[in-house]
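Here the chain labels run A, B and C in written order, and each chain numbers its own residues starting at 1.
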Amino acid sequence: MTRRFAKTRTDVAALFFTGLTGFSTLLILALLAVILTYLAWLGGGQISWRFIFGGTDADMFDTEKAGVFPMLIGTAARVFLMTLFVIPVGVITALYLTEYANPTSLLTRVIRSAVNNLAGVPSIVFGLFGVGFFISFIGGSLDSLTASPEPRWGKPALLWASLTLAVMTLPVVIVATEEALKSIAPGLREASLALGATRLETVLRIVLPNALPGILTGGILAVSRAAGEVAPILFTGAAYYLKDTPHSLTDQFMDLAYHVYVLSTQSPNVEQTRPILFGTVVVLLCLTFLLNLVAVLIRARIRRRLRSAH
Amino acid sequence: MKLHRSIAVAGSLAALLLAATTSLAGNVTIKGSDTMVILGQKWAEVFMQKNPDTKIQVTGGGSGTGFAALQNKQTDIANASRKIRAKEREQCIKAFGKNPREYPVALDGLSLYVHANNPVSTLCIEEIRDIFTGKITNWKQVGGLDTPIILYSRENSSGTYEFFKEHVLLGRDFAAKAQTLAGTAQVLQQVAQDPNGIGYGGAAYGSGAKHLKVSAAKGGEGIEPTEETVVSQKYPIWRHLFVYLNPELEKGEVKVFLDWIRSEEGQKVVKDVGYYPLPANLRRK
Amino acid sequence: MIAEKLIFAISLTAIAMVFLIFLFVGREALPIFAGNISSAANQESQPIPVAEMDRLSPEQLRSYLNLTQTEFKEMDRETLQALMEVRVDAAKEDSTDRDALVNTVAWRYLIRPYQWTDYDKPVYVWQPVSKIHKYNIIPLVVGSLKTTLVALLFAVPVSLGAAIYVSQLARPTVKEWIKPAVEMLSAVPSVVLGAFAAIVLASALQSLFGLQYRLNAGLAGLALGISSIPIIFSIAEDALTSVPRSFTQGALALGASRWSAAWQIVVPAAIPGLFAAVVLGFGRCIGETMVVLIASGNAAALSASLLEPTRTITATIAAELGETVVGGHHYRMLFVLGTLLFVVTFLTNVVGDVVMHRLKNRLEGRS
């Protein structure tokens, strides 16, 4: 390395360089702080037990009586269902990639590339996919198979929204699980194999239990991501106004994030319902932030283990 | 062990959800016009208080959405703030073999909203057309201040948008610069804040902006949109609000509900929400 | 063995999904891509009065009503009569305008300007409802590019700066706090950012700069920028961190200061990764929906101004799909837009992926 480092300019340039990059960092943190404080300030006053655990469809736009409970239930139902689909598939894919696949083979490379690609597909395209694949194709086929006189499956429903979100969050689960799997000390696996356990036994008895925190992180991050998404559920299941929380997989549902969209664009009286809007925003933000925070904490633990494992 | 337990918990929760997959009797779904969502909700609310066994589900999306859902059999009743088109009717006939049944259920006048401080108070239909198609771009040209006109329109899925485009603009395109907003309330709110703005929407919709008087021809008498002028059809921009349904479904709860919304009680709700009840002679089709 | 085969099969889900997305979004758009459908009114076919129904042979009737064989077989006389009536009504409704004869879903009209009735020059128009459906996608493409440009102009310098600071200059203890904090920004849902921009930021900017339009391309772009900071930041940070520590240590040993080691050694080594961050940020911005749907004003005007309202591809799909008839022209056009979006983001993802992969191989001396 023969490059010469100019020393004379160091002071000014160093100050400039450090200042500029440091300023960028501060700017991002400040933006986050401003947005959060402002939203908390605007919506905090609306928060009460009644607002969170109450609320009926009829009082949706009444500042005194509105509550987000039906929307919370809808959001919880769709993300819970989603995890049932996405976690098994995501974890198994991650297991294959770390435990079985030849890391340099073309197939492995293609799978990884597909995972990355899936992570970059626009959320609205997932919405279109949900309509074109789940509702029209699968739902439509189910309807014609069961010869039902009116569409039972071929219409927006909780199930289709959850499946669409599961496809969308698959990369999140895969990446988090993989990270956890890599953090497991290789010695553990070798010891298990040396004692005569098969590959599968090792994976099920040793690797998987040790990777549970990572799987949990993946699940939590997926839930957090999905809870805030509106575009994929716009046409696959969310409804503007429903009397009831969903009772079956084919019901539509009200939803927290979708409700933010409704309140910010379609409320009957925008000024008057603003406190409800920001109250809903605060509930949604608390949800996604708490989930993220938990995920970050678990992940920090995994990363420490990763460093000590290698 | 831990893993097994959590799988068992997740499994039983899933089983619970699946077990709940039973069909619901006594459900009525209503979908369509955003203009009519609040009306539909209020109808549903009052009706359900009296008939607790019936569950009514109301969703918006626009009149076109309602017709699409009707022909895809995704809704029992389609709300519409415009008449069904022949093409949509054709789809319906293909889907259920009959013409969809149409009931007018209320009257609505469309108001032109401007900022409260805007000195312009009357416009004729032709001026309105020129403003929204972008031919007139300055308030000065219609007797106002020398400021540019800012247009607020609706999303093109709304029946109000289509009605306005066809009956006021005579099918011409909206000026490309017109902002499209998702709801009438949002139009009203934007206009209330914008001294140069103009927008359109239901006459009975809230306050905050000034409703213009409208004359049918230039120099004619400006008519204020009120219940009296709309019901008597003196005010030039008015329309029916309709519900449509598959005739085969007009039985059971759906029929009870339909009869009720056209009764005195249902029409009172129309008035409470801010549209105009149909005169008794128009209520029977 | 079966279990392992199963694991392998399931691990192909991601590939299958990318493929299925392309297949099923593209499938709905295919008739337009292939030019198989036409929205033009058929000028020769005068509607046949209902009274003359019996004069037509069943086959003539079927083709007149545009029915498939199975559909035709299942219909009773009453239904066919109703369909004939509708034909007559449709003919009355159909515009006699010369525009009605234009096939507005042909490629020519989707991307090139056309002089419609009532216009004094050829124009690019997206007005997909009412009698003549105009589907020119250029205003939407320009709208998407405009907001994305603003977003990147704002987000790229800030994110790259922060990535350099966090990965190279910050003390490890500080880094452990800042990095998750910046990543927390991604926990703000885009619908929340959109609402914040449209209600709070819009009013602030308007009163600050006296803007004519409250909601405009610049505002939407700014909010879009905020939403894309986390992804650009984390990819750039990843690239910078993957530069081996020996590079920095070597420079420091030669007497360089921390910043000049960062600026002259680490950043140049990680340039492809920073490029990948920008490319993936572009993909994210062009595909983001809720922010632009709420904050852009959604006017499909073709203009270069950043201070006027604009309409993006994503917002158009989100605002209009709910209203369309499944299988209709408008529905298919929105899937055409979706396919375009998918192809663009697919390409940016592949480029980003390949660049990052090569960079890491090279830095780890594997190439």
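The rule we apply is simple: a residue touches a chain if its C-beta (ideal position, glycine included) is under 8 Å from a C-beta of that chain, and two chains touch if they have at least 3 such contacts.
Only a predicted model underlies this, so the values are computations on that prediction, with no experimental measurement involved.
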item	value
Chain whose mean Cα position lies farthest from chain C	B
Geometric centre: closest chain by C-alpha means	C
Contact pairs, highest-scoring chain pair	A-C
Separation of mean Cα positions, chain C and chain A [Å, integer]	20
Chain A-chain B separation of Cα centroids, rounded to whole Å	35
Centre-of-Cα separation between chain C and chain B, whole angstrom	29
Two or more partner chains touched - positions in chain A	265
Sequence positions of chain B contacting 2 or more other chains	61, 72, 181-182
Residues within chain C bordering two or more other chains	322, 326
Touching residues (chain side chain B, partner chain C) in the complex	61-62, 64-65, 67-68, 71-72, 85-91, 93-94, 97-99, 133, 148, 150, 155-157, 161-162, 165-166, 171-182, 190, 193-194, 196
Residues on chain B engaged by chain A in the complex (per definition of touch)	2-3, 10, 13-14, 17-18, 20-24, 34, 37-38, 41, 44-45, 48, 55-61, 72-74, 181-183, 185-186, 188-189, 206, 208
Touch list for chain A against partner chain B, complex	57-58, 60, 77, 80-81, 83-84, 150-152, 154-156, 208-209, 212, 239-244, 247-250, 252, 265-271
Touch list for chain C against partner chain B, complex	67, 71, 75-76, 78-79, 82-83, 86-87, 89-90, 92-93, 95, 116, 118, 123, 125, 127-132, 134, 139, 212-215, 297-303, 308-309, 311, 319-320, 322-326
List of chain C residues in touch with chain A within their complex	3-4, 6-8, 10-15, 17-18, 20-21, 24-25, 27-28, 157-162, 164-166, 169-170, 176, 178, 180-196, 198-200, 226, 229, 233, 250-251, 254-260, 262-264, 280, 283-284, 286-290, 293-294, 314, 317-318, 321-322, 326, 334-335, 338, 341-342, 345-346, 348-350, 352-353, 357
